[in-house]
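The next part holds the structures, each set out as C-alpha cells.
Note that subunit A is present in both complexes that follow, paired respectively with subunit B and with subunit C.
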Partner chain A sequence: MSSTTTAPPAAAPSKEDRRGLADLWLRSPTLGPLIALAIAVVIFSLTSSTFMNIDNMSLVLQQTIVIATLALGQTLVILTAGIDLANAAIMVLGSLLFAKLAAQGQPPLLALVAGFAVCTVIGAVSGALVTRLKLPPFIVTLGLLTVVTALGRLYSDGNSWPVTSDLLGYLGKGSYLFGQFYVTPGMFVMLAMFGIVWYALSHTAWGKHVYAVGNDEEAARLTGIHVRQTLFSVYVVAGLIYAVAAWQALGRIPNADPNAFQTGNLDSITAVVIGGTSLFGGRGGVWGTLVGALIVAVLRSGLTQAGIDSLYQDVATGLLVIAAVAFDQWARRRAL
Partner chain B sequence: MSSTLRTVCASAAIVTIAATACTSTKSTDSSGSGATGSAAGGTVKVGLVTKTDTNPYFVKLRDSAKAEAQKQNAELIALAGKFDGDNEGQVAAIENLVQQGVKGILITPSNSTGILGALKKAKDAGIVVIALDTETDPKDAVDATYATNNVTAGELQGKYVKATLGVTAPKIIMMDGTAGGTVDEMRHRGFLQGIGVAEGSPQIVGKANTNGDQNKAQAAMENLLQRSTDVNAVYTINEPAARGAYAAISAKNLQSKITMASIDGGCQGVQDVKDGKYLATVMQFPKKMAEQGVDAVVKFAKDGSKPSGFQDTGAQVISDKPVAGLDIKDTAWGLQNCWG
Partner chain C sequence: MSTQQHEQDRVEPGAAEPVMAATGLVKRYGKVTALRGADFELLPGEIMAVVGDNGAGKSTLIKALSGAIVPDEGEIRLDGSPVRFHSPLDARKAGIETVYQTLAVAPAMDISSNLFLGREQRKPGVRGSVFRMLDRKAMRAAAQDQLDALGVATVQNIDQIVETLSGGQRQAVAVSRAAMFGTKLVIMDEPTAALGVKESGQVLDLIRRIRDRGLPVILISHNMPHVFEVADRIHVHRLGRRAALVQPGDYTMSEVVSLMTGALSLDSDGALVDPSGHRAEVDEQGHAVAVDG
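Coming up: the complex of A and B.
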C-alpha cells in the first residue's frame, strides 16, 4: 500500500511492477486521465491539420465549461459515495429562472440571485432527503430529476426564453488574446471554482470529512465526524455550483431552453468517472474531473474534424468510461 | 416474504395507475367497454395520445383538439407518453382509451412500429384510429393519417436555400436530428432532393446528429466549422438546432456567407427568422391536424363513415426574403400562425 518506489521500466513486468503501477494510480488518480488526454491531443494533432490551432483550443475549452462545472458538483457528491442524477435538471431550471424573470422585466441581478437561491434550495432538499430520511442518493435524485424537469417545463410553459441582458450573458462575452484565442470570463470562473473546491477538499477539515464519509461512513462517525452535516453541506454546495453552471450555459447560448441538456447528468458522470474519481466514494479529485471533461470535448472535436460520424463518437466515449472504471477496479484489487 | 412481494406489486400497480391518470386532462366516470354501443348521453368521446405533453408543438395540438371538440359538442380525453419514444406509455394510453369507450383515437405515434398491436386491438373494438403528425409503419395500421408531408417540408427548405444561392454550387452542413428517426430521415432526404444534391456527395461538407438540442448543435457546428469554413448552406432538423448552429456561425462571423433554413414554425423560430438569424423556416400546422382529426371522429360517430388515406396538412415557407418560384409568407403572417 505505502510503497514509495515507482516501477522501473522492465521488459517483462513482474507482479511487483504491476503492483507499483496500481499503487501509483491510487496515489495520483489524475495521472491516468492526463496521459489519456495527452495521447488524444497528439493523435488528433497528427491526423488533422485544423485540430492543434489556437482558436480550436479556445473552442474546446468553451465546449467544456458547462459540463465541467456540472461535473464539479457531481464530483463532490460522488466523493461521498453518492450520485446526482438531477444536476442538469436543476441547472436548466436555474437558467429558465434567470431568463424568464429578466424577460418579465425584473432586474437581471435579481433574476440571478433568485436562480442561485432556487438551485441552492433544491440542493438542500436533496441533502435533507439523503441525510434525514436516509434515502439512497440514487433514488432521491432520480425522483428530483423528474420533479425538477417538470417544474422547469411548467415554469417556462414549455417554451424557450431568449436572453438579452448583458449580465446574464456576461460569462460568454470575451475578447481575443494573441489574435486567435477567444478568452471568456466563463473560463476564469470555471478555473477559479475548480481551484476553490480543490483547496476546500485538500486543505480544510471539511474536505477531509468529505473523503472520510465517502470512504467509510461508519468509521467516519466513530471518529467523531458529523456525517449528516457533512453530507448535507455537500448537496448544498453542489446546488450552488449548478447555479453557476446555469449562468455559464447562458453565456454559451443566450437562450434558456427547457429541452436542453437532457443528457447533462450522464455527461457529467462520464467526466467524473473518466477523470479517475471512484464511484465507490472517498477517492479522486476535482482536477481529474476537469481533465475528464476535457477528454470528452477533445474526442468530439478531434473525431468530428476527422470526419467521423457522431454515433462512433458516442461509441468511443462509452468505451472510455468502461476502460476507466475497469482500470480503477484493477488498481484497487492489485493494491489491496 | 410473499406478502411483502404482493404489497410491492400492489403499490407499483397503484403508482402506475395514478401516473396514467395524472396525465389525463379530463377524468371520466365509467370504465365499461362502450365502444360497440352508442355513446351514452349523446356526447362523442374522442381520445388523443401525443408523444409527450410538454413539447409546445403537442400542447398546441392538444389545445386545438380540445377547442374543436368543444365546438362539436364532443368530449376530448387527452393522454400522452412521458417522453419521445415512450412506446409503453402510449400503449397503456390506447388501452385506457378503449376501456373508456371512445369513438375514435387520434395518435402521434412515438415509434411507428412499437404500438401496432395496441392499435389493432382498438380497431378490432370498432374504434376509428387516426395518426396525426407522424405516419405509422405500415401506413394501414391506422384508418387515416393527417400530417405534414415531411419529405415535402424538407424539399421546400432545400428549394429555398438553392434559390437563394442561385448559380453558386452548394457546400452544405447538415444538422440532423436523431439517427434512425422517421421524421428526421424524411426531412433530411427531402432537403437533399430540394437542393439537388445526392446523399453521400462531396458537396455535403459535414453532418452531425444534434438530437434537436441547441447545445449539441452548437458544439457540433463549432467543430465542423473548425474543419472548414468553406460552407454556404446549412440544413437544420428543427429550430433549436438552428439556434445552436447560429451561435457557432455568428461567433465566426459567417452569417453573411451562409444561407441557413429550418423546419417547424414554432413562434420562437419565426421570431429568429424575423431577427435575421437565419433566412427561412418551413411551418407545420398542428392545429389543422387536430381539427381535422376531431371532425373525422365526430363524423364517424354520426354516420359511420371512416376517413382513409394520407391527408397532407401542408407546409409553408416563412421568410422575409422572398425568392422566385416559391410561395412564401412573411414573418408577420408567421407570427400569427405559429405554434408554442
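Coming up: the complex of A and C.
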C-alpha cells in the first residue's frame, strides 16, 4: 500500500523497532521524563527509609514550586527557540517590589499589582527587543539579567525585605492533610498555571503558532502566522508568570532577598530540558517541565538523604541535563 | 469532465475569460528593470508553466502575481476585475495560494495541524468564542477528506508528524494546503526542486489532480521534462517580458530552451525564426539551425 517502505523485509524489524521508540519519544515527549522520575522515586525509596515519608514528599513538592513556575515561563520562551536568562532576576525584582512597597505602608494588594505590572512590562521589553530589534533572545536576556539584577539591588538598597502582610505570604500558608502532608494554596496555583498554559498551548491557535514559530520561523511566516505578535506575546506571558513565581517565593520564604535565586535561570532551564522540551524550539510541553522540576527536586532530596554531598548532587544534575539533550538528539536523528 | 473542458481551452485559448491576466507589468529596482511590460494570462482549468533563464525576471513576475512586490506599472486582473496586492496576505485573501520551493511546513507538527496552520478552526459556541478552543476533530476530518480527494495515498495517518514523512510527502502536504484554501488559483514555485525522481512524479500527479478538480495552477520550474509532463501551456519569460506563449505539443524541449535563451524566437505565424528572421529549427545536438523555407 505504501510506496515509501523500500527496506528489505529481513533488516526491517530491528530498525523499525528503534524507529518506533524514537517516534514514540517525539510523539510523547513527557513519557521519558516520567519514567525517569518513577525510577528515581523507586531507587530512593529503596535506599532511604525516610524518602517516602509523607513529610519529605511534601517538602519536595514545596521546594519544586518556585523553580517549576519559573520554568513554566521558560518553557514558553524555549518553545519559540529562545531562551530567558533574566527570568529569576525579574522574579526577584518582583518579590522585592511586593515586600518593600508593603513594608513601606502601601496596601499589600497595590504592592502585588505593582509587582505584577513591572514583571510583565520587563517581559514586554524582552519581547520588543527580540521582535523589533531582531536581537537573539540569549543576548537580550543576558543584558536584562544584569540590568534587572542591578535594579533589584538598587531598589532594595542591598537589603532583604521581610514579608509584612498575610496577602504576600498567602500562597505558602497551608494546612496539614493526612497528618503531615502540608498543602498550600501555592500548590494549587502552580498546578492551575500549568493547566492554563497547557490548554493555551494545545487547544488554541495561539499555541499552534507558538510551536510553529519555534519549529521554523520562516515557514510560519509563509503560512501567514503573525510571527512577531506571537513571539512578543510569549515574552509578555512569561513576564506575568515570573510575577506569580515571585509571589510563590514569598510564600515559601517570607523574605525578599536581592541576592536570592542567582542560579534560578539555569535551574529553570534544567527543568525544561530534563522535561523533554527541545532547546531548538517547537517540541515539548509544560507537563514535561513540571516532571523535570520534580526530577531535580527528587534527585537532590534522595541524594541528601543518602548522605551525599550537595556538590555531587550538582554533578548528578548536570549529567542528567546532558543525558536528556543527548537522548533528544538521538531520537530526532533516529526518527528522520 | 474537466479534462474535456480543458481540451477545449487548449484548442481555443481566447475563448474563456482568464482567471488571472496581467498586462504591461513594469518593475524597476534602482537602475535595473526586472519587468519591462510583461504580460501574463491564466485560463480556467489549466496548468501554466512559467520558464525562463536565471535573471529573466521570472521570479519578479511571480512575486508581482502573488503580492510579494507591487509592480510600478501595469495592471493585474483577477476574474476580470483589477486587483492591487500589497502583501502576500492580500493575494491569499483574494484566493491565491502559493507553494514555495523551501518546504514551508512545521516539521514537528502533525499533518492536520500543518494543513490548518494560520487558519485554525475553533469550536462552535462558548468553547470557541470565549475559550478559543480549537476544533481538532473537524480539522482532522477536513484534512483527511482533502488528502483523500487529492489521492495523497502514501500518507497513512493524518496525525503523523510531518518530519517523519519523506520530502515528497511533505511537499504533498504543502501542496494540499494550497489546494484546500486556494479558491482562484495556486502558484507553485519550483515545487519539485528539492525532490528525487519518484517523489517529483508524485507531486506532479498531485498538481494534475488539482487542475482536474478545477483549480488552475501556475507552475514555475527549471525542469523542462517536468514542465512538458504537466503543463497545458508554457509562458516563456525572457528579458523581463513574455517572449512566447506555447503549447508543449507544438514544440520540442530544445526549441523551448532556445526560446528561453533567445537563440530563436517566434514570428507572427508561430514559426521558429533565428535572430535574422529566417525560419529555423533545433537539431539533435540542441543547436539552432536555419532551414530552407
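Keep in mind that, in the parts below, the second predicted complex is superposed on the first by the 323 of 336 C-alpha atoms of A that agree within 3 Å, B and C clash if a C-alpha of one lies under 4 Å from a C-alpha of the other, contacts with A are read in each partner's own complex, and residues count from 1 in each chain.
Criterion: a residue touches a chain if its C-beta (ideal position, glycine included) is under 8 Å from a C-beta of that chain, and two chains touch if they have at least 3 such contacts.
Keep in mind that what you see is a predicted model, and the values were worked out from it rather than measured.
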**Request:** Once the structures are superposed on A, label A:T164 by its partner contacts, choosing first (subunit B), second (subunit C), both or neither.
**Result:** neither
**Request:** Have a look at where A:S28 lands relative to subunit B and subunit C in the superposition and call it first, second, both or neither.
**Result:** neither
**subunit B versus subunit C as contact partner of A:R283, first or second or both or neither** = second
**Asked** When the two structures are overlaid on chain A, which partner does A:T47 contact: first (subunit B), second (subunit C), both, or neither?
**Response** neither
**Request:** Pick one for A:Q63: touches subunit B only (first), subunit C only (second), both, or neither.
**Result:** first
**Request:** Classify the contacts of A:G224 with the two partner chains as first (subunit B alone), second (subunit C alone), both, or neither.
**Result:** second
**Asked** Across the two complexes, what residues of subunit A are contacted by subunit B and by subunit C?
**Response** none
**Message:** Could you list, by residue number, the parts of subunit A that touch subunit B in their complex?
**Reply:** 48, 50-51, 53, 55-56, 59, 62-63, 66, 150, 153, 157-160, 162, 182, 249, 252-253, 255, 257-262, 297, 300-301, 304-305, 307, 310-311
**Message:** Touching residues of subunit B toward subunit A in the complex: what are they?
**Reply:** 54-56, 59, 179, 206, 208-209, 211-215, 218-220, 222-224, 226-228, 240, 243-244, 247, 251, 267-268, 340
**Complete:** In the complex, subunit C touches subunit A at residues 88-89, 92, 98, 100, 102-109, 113, 117-120, 122, 131-134, 136, 153-154, 156, 161, 163-164, 166, 169, 177, 198
**Asked** What part of subunit A is in contact with subunit C in the complex they form?
**Response** 1-4, 23, 26-27, 199, 203-206, 208-209, 211-212, 215-216, 218-220, 222-225, 282-283, 335-336
